[in-house]
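Just below is one structure, and these are the notes that go with it.
Per-chain residue numbering starts at 1, and chain names A, B, C, D and E are given in the order in which the chains are listed.
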């Protein structure tokens, strides 16, 4: 590969945003079309990635590596099966969110699209980085455009929400930064050379006591991002106040950075500490599932309802991640995509409503279905995808997650299954109050059904929902080898333990896990390849 | 003799500084300060530093303090002083002063002890000092010239009459 | 046999897709034609496959058609694959045949509705899902159908979503179903983890081979049955079905009488090996079925809403099916499912015809004497009622009797007795319905009377066909007393049934049991006649005599209220409380307090910045003292 | 190598300064911009001299003036900083009625003070350099003569500054008392040889810390900072926030580098610096939280930055300290330039509420100011991030984890107030729209230089870092 | 002979008196005078150390310090005059336009 396709995909949006300097701010449509064009090009490029990607190996592909600042700071990117899918999700959602804000953003259009494109670059960068320095740069840099997106185009309490978002997130990530430094220093002390390379760190065998602290620091950053149970309070605020596109990106992709972080960093870097903490983390995830669902049940604001539903859904994903077996991890990754699609789509639907009524309170709606039958159908499908109805994408992820969890701990899975009941309860109730019932609000009678643009951005999502529900194989196949590799890394230390009280059982030999020697061989191969 | 001189000069010096602090009138304070400077000059003399003692008296007591007194005269003292507020402020200040002096004495005591006595015969004559000033200390000496120009320019630009440039 | 049976579900799916995409832009005629046509083609293929099935030996069952691997991850593999065997054949035939008739009926019934295309889209989608459910060759795909029908049921119950009650009922149905599904899903996971396969063939083989511990078998059986109680409206999850009557009547007939609600029975029969391997599980299934049968029947006694009576009756009849499955007579259970599909959908459609005639009136107290206005509806309704009441020579008699006989034969006398008492009640409330609706004084509202008319032939013809089947369907499975091989139905299904403990009764006992059944059915009818035609005062007097009992029945044992108080309200109130007190105050509060605390600290510190030189110097000196102190001590 | 050319950088600046004084007297013109350009010219010469002396190791006055690489790098940095200050001053002076020719002269004197400070290891020379810097600074602070706040700033700076100088010189006296010398290395050597008087050295060092702590605004010796920053003319504030601080740290670097490097009994000093660092970071950031005046806010922020820089001192990581100073120079001057840009005749807009909506009214000012603020807050990919990154990373490798944790948490607090400015600029509706004079080419140039500096140092510091590493490698430890 | 420590103690006393005077005095001019006292105390210390070490460096340093003091006096008094011109006060408590 001579063409640095991954870099192109990552930086194309940011480079594109520079184009806007030359566009007059009055030419709003030109700006929009340019952004859309960049988004679509990027998506097509990443499709190329998808088809070129080989699912045979768990090693990162499309690797680009270059010296940067020395002392281990390298420009080192690449994708494996897990990040591939998240990259794809991001680029897929990008044109959609640009379309979705076509009408709702009328002021400061230029700045809006600049920030949107910068945000996408930040997110893509997080998913492709293989160097911890680079990763952290993207991880933090991405906050800035999001901060502006919420803060400028947000709702009434936008300033509170956006500051809370940034500071809450930074709280975790700064501690993670300290932990990165510690890793860096430990690596230097053991290996005698400087490195921020993730794979170098994978080779480190750390003292369990140090691991605990490092894991806590990394885990906190990611737990806040996910967000796991006691750290979730930024999410409803940010979601509620963000503009539609912001909510979509936030729910669709940003939250995945947390789970991705656990998968890529926290768990494989510190397996021993991870195993020690998994019972507690699993408990928190479980609480998150139920708690988020119950909170969603009684929300009066549609967006905040969907936000809490995210807490619940992400809880399930985290529980699956902590189950640490093949099925659960594949389910978790798949569910990450699903959640990105379905929650993103729900926010889009809410945004469509908001554009018409300028209220997010559930009680102001009712009977919208009658006025907007096409929208009702789309909304329904998105909602069902979130509920996990078979045939749609949500089911595949949910059932794999639950099955994976079940293999590790029956108790947790049984409690976790409550998500399918509660999920149906809050979403259906919301749908009933918003879309069904008699048409009482005069304002709703003036609603127009979806226009071509709105159909245009919902249809791809809907099609993908069905596609992913019926043909999950291509996606699962791409990540299979990578998840295997990840599991090998996590289980490398062979120190399994059984915690009877919490009923978390780490399997003695999770199926399909390669032997140690195989890992070593692979590791050597990957060394040689680079 | 030396001890007597030391005791006298130091007592006068301390007393003068005390007076400077206690007098309400700035002019009296300035006069007290001049006294204190003269006493220190005397102490410098005790310490084999006659040249510095002279410089001290001429520059400090003669020049700098004259400057002070000029300024004091230019300022309407009665207008410049208004009734006392914040009397409580005195006590923590003095308290901290006591602690501070305790610390300093502790340091001096630990470092030198009372036994160490003066045993020097190096006399700071103008000739020796002058030679040093233009050899070993040439650079700082040059710097002082810059310092004085800077101070002059600063002082003038601040108080010169032309208000608007 | 050819394996084109995989097309059976796909044709309605295709039709659904077309209708969903083009919707109202298609002409109504075309919609009706396509929707009905798709189901009819499915029916024809089912018939063809059924005939094909008859021509192969039982050893070749089931015929499996694997389309592609659907989900595969580690130990979890589920294919998109269909199978065809006798049980599937029966189910597909019932679903497509009854479904087709109801589709046709709907053309007339829904003619005026503005969401015509939506209705048929959903009906086709339902048919598709139901066919997936019965044709799936693995339990995960079955779950897809299982949820799919639940979803269609939700959509169709809430079809007239502008009514709060309809929207509510739909939601309730879905959520209650989901509770069952959760249990079902856990059961599925146990199966996959312990057996390692999702295919029914492998599961049956593994369980029959005894590779699972008995405790696990019982656990899985019960978990699966939890799912069945949800879908098939058994105690304790039956509460959604009566409310489901908010949907259009064809929906009630198709989904909430003939097909979807019997999915639980189908599932238990499909996985019968669990219930034969575990006697405890079988007994619990039978017991729940029996209790539900009686319990639901008692509630049917006092209902005045014509569709609700039928709904409770459905619950009760499904209870019978579970009795059959629970006592090991799976064939009998399925047989009852099959006959019930005809006569219950007949009853619903006829009730729908009555409603249609009365401009949507459902309250029996505002009917009466309709016999003369509805020359087609009345006889078909009557046939259905007789069939369900268990009067000899109609289908219901044979199937119900088979179940009760099997229960008696297995020594489950209590269950038999419960079933029998349920039968009395069934006969009674069905004829109460008939008498109140078609006989006696006219109590029709004058407004409704103006439009009173018999339904169009597009509705009455399906009624007639269903009536015909209600009469003759039972002859596929005659009781053993009439000869060794007359029970064709049982023989047809037997290769699929795990050989349990076969119990045989002597002929005399069997005859005796049949006699008892007949007496019971006729007795029930007679009492109804006594109460509602001869002396209409009796019910009132009884009600006055036992006010508590009467109130209990009228309020359906207060179960809805109890669920509301015990589960729903605490969940909402509790969540509200937690949200206000914990989420906003404690968690969010901690975050905000931290921020406010920092701000306060900053503010407080800034009071030190008084702007006064001496204060600055004081702090300076303080710092110096502390610093020096730290250094030298 | 003893070489008279060593004097060149200082002499150029001095010549410039004196020439400006003369020109001011003899050429009367409405604007004094030409004086700025004359100063710039001499700064360029001086800078060029610094560049050519790289790798030469020139010294003069028996080594009292020693231009090692560190001195040259810092000198160059200070010259650039002063040049930037001069550029942003030009328009400002005529707008704000401060148009004295002596302004440039004093600025150059102040620069000379810093140059002296960084190019010597003799405490008395450093002290004299500091005084040159201070004298000019006191005058510069009060240069807005018709503004009471400016006078007050000068007064506070002067009184407290000379108060602190007294502590400093007293500390030098202690050090002299032990080693009979004011040369840093002989003090250290002597300290090792004679441990009985070590308490005097420790106390001396303590007093030095206090004296320089005042200049670099370390809590609790920081109290003057906000008032002086607020009252001084804004370009001078920019100057104060960067050069004296950087010079102070350079001295601390020279002072504690060998001290920490060679002496093991430095635990107490270390602990004291540790506490000072924590106090500075925490208090500085907390105090900034509620500020409504942008100059005050930046003042407290500069206090907080002193705290982070202290971490670098504690981590004995000289390159990260110097790199931080480099970045800090660009981002802070940049931020102040943007503040200056928002002014018109006789009026400066300094309250946060004035900033409401300017992000869209003046997009370039808004954007650049935002980037500087984000850099100050330490967001990647700006230089501010990389600077913090190096400092913290070095500190962690020296096992100063608790300090770093406190540091990152403190910088988290800082995020709040930096972002609050951005909140005003972009997320609040403007209350009273105002027009500013945008015709200010030198200032725009500075904005772009600083922007370039901040971004370049954030994304690819490459050679700059290399030079810095060479520079600190020239230190004899 | 008189021990060095005595001189040093005297210098410390003077220094602290200057410090305390700086704190407690109300008018700017006297406060500035107190700073002069502190510098003077430092001078004394230098001379004393120089004497005890038989080195003249201390005396030279004192010479520089006196220069610094003179320069400070010039600038300082100019500033005080400036403030007096602006505010008509030399009372340090009146000078707190900026705070917080």
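The rule is simple: a contact is a pair of C-beta atoms (placed from the backbone, for glycine too) under 8 Å apart; a residue touches a chain by one contact, two chains touch by 3 or more.
Quantities reported herein were computed from a predicted structural model and do not represent experimental measurements.
Chains making contact with chain A as well as with chain D: C.
Comparing each chain's Cα centroid with the centroid of every protein Cα atom identifies chain A as the most central.
Comparing the CA-atom centres of all chains against that of chain A, the greatest distance is found for B.
Comparing the CA-atom centres of all chains against that of chain C, the greatest distance is found for B. Contact analysis places B-E first among chain pairs (by count of C-beta pairs in contact). Separating the CA-averaged centres of chain A and chain E is a span of 64 Å.
Averaged C-alpha coordinates put the centre of chain D at 26 Å from the centre of chain E.
Look at where the CA atoms of chain A average out and do the same for chain C: the two points lie 37 Å apart. Between the CA-based centres of chain C and chain E the separation comes to 97 Å, rounded to the whole angstrom. Touching of two or more other chains is recorded for residues 124, 128, 131, 135, 138-139, 142, 145, 154-156, 159, 163, 167, 174, 177, 199, 203, 226-227, 290, 416 of chain D. Each of the following residues of chain B touches two or more other chains: 89, 93, 96-97, 100, 104, 107-108, 110, 112, 136, 140, 144, 147, 150-151, 154-156, 158. Within chain E, the positions touching two or more other chains are listed as 8, 15, 18-19, 22-24, 31-32, 48, 50, 52-53, 55, 57, 64, 68, 71-72, 75, 78-80, 82, 92-93, 95-100.
Which chains touch which is summed up as A-C, A-D, B-C, B-D, B-E, C-D, C-E, D-E.
Of all residues in chain B, only 2-3, 6, 10, 13-14, 17-18, 20-21, 26, 29-30, 33, 36-37, 40, 43-44, 46-49, 51-52, 55-56, 59-60, 63-64, 67-68, 70-72, 74-75, 79-82, 84-86, 89-90, 93-94, 96-97, 100-101, 104-105, 108-109, 112-122, 124, 128-129, 132-133, 136-137, 140-141, 144, 147-148, 150-152, 154-156, 158-159 touch chain E in the complex they form. Across the complex, chain A meets chain C through its residues 164, 167-168, 230, 232-234, 291, 294-295, 297-299, 325-327, 330-331, 367, 369-370, 373, 377, 384, 389-391, 395-396, 399-400, 402-403, 406-407, 413-414, 417-418, 420-421, 424-425, 428-429, 432, 435-439, 470-473, 476, 480, 511-512.
Of all the residues in chain E, the ones that touch chain B in their complex are 1-10, 12-21, 23-27, 29-30, 32-34, 36-37, 40, 43-44, 47-48, 50-57, 59-60, 62-64, 66-75, 77-82, 84-85, 88-91, 93-94.
Against chain B, in their complex, chain D makes its touches with residues 14, 18, 21, 32, 60-62, 64-65, 97-103, 105-106, 109-110, 112-113, 116, 120, 122, 124-125, 128-129, 131-132, 135-136, 138-140, 142-143, 145-146, 154, 174, 177-178, 196-197, 199-200, 203. Of all residues in chain D, those touching chain A in their complex are 360, 363, 374, 379-381, 385-386, 389, 392-393, 395-397, 401, 404-405, 408-409, 411-412, 415-416, 419-420, 422-423, 426-428, 460-462, 465.
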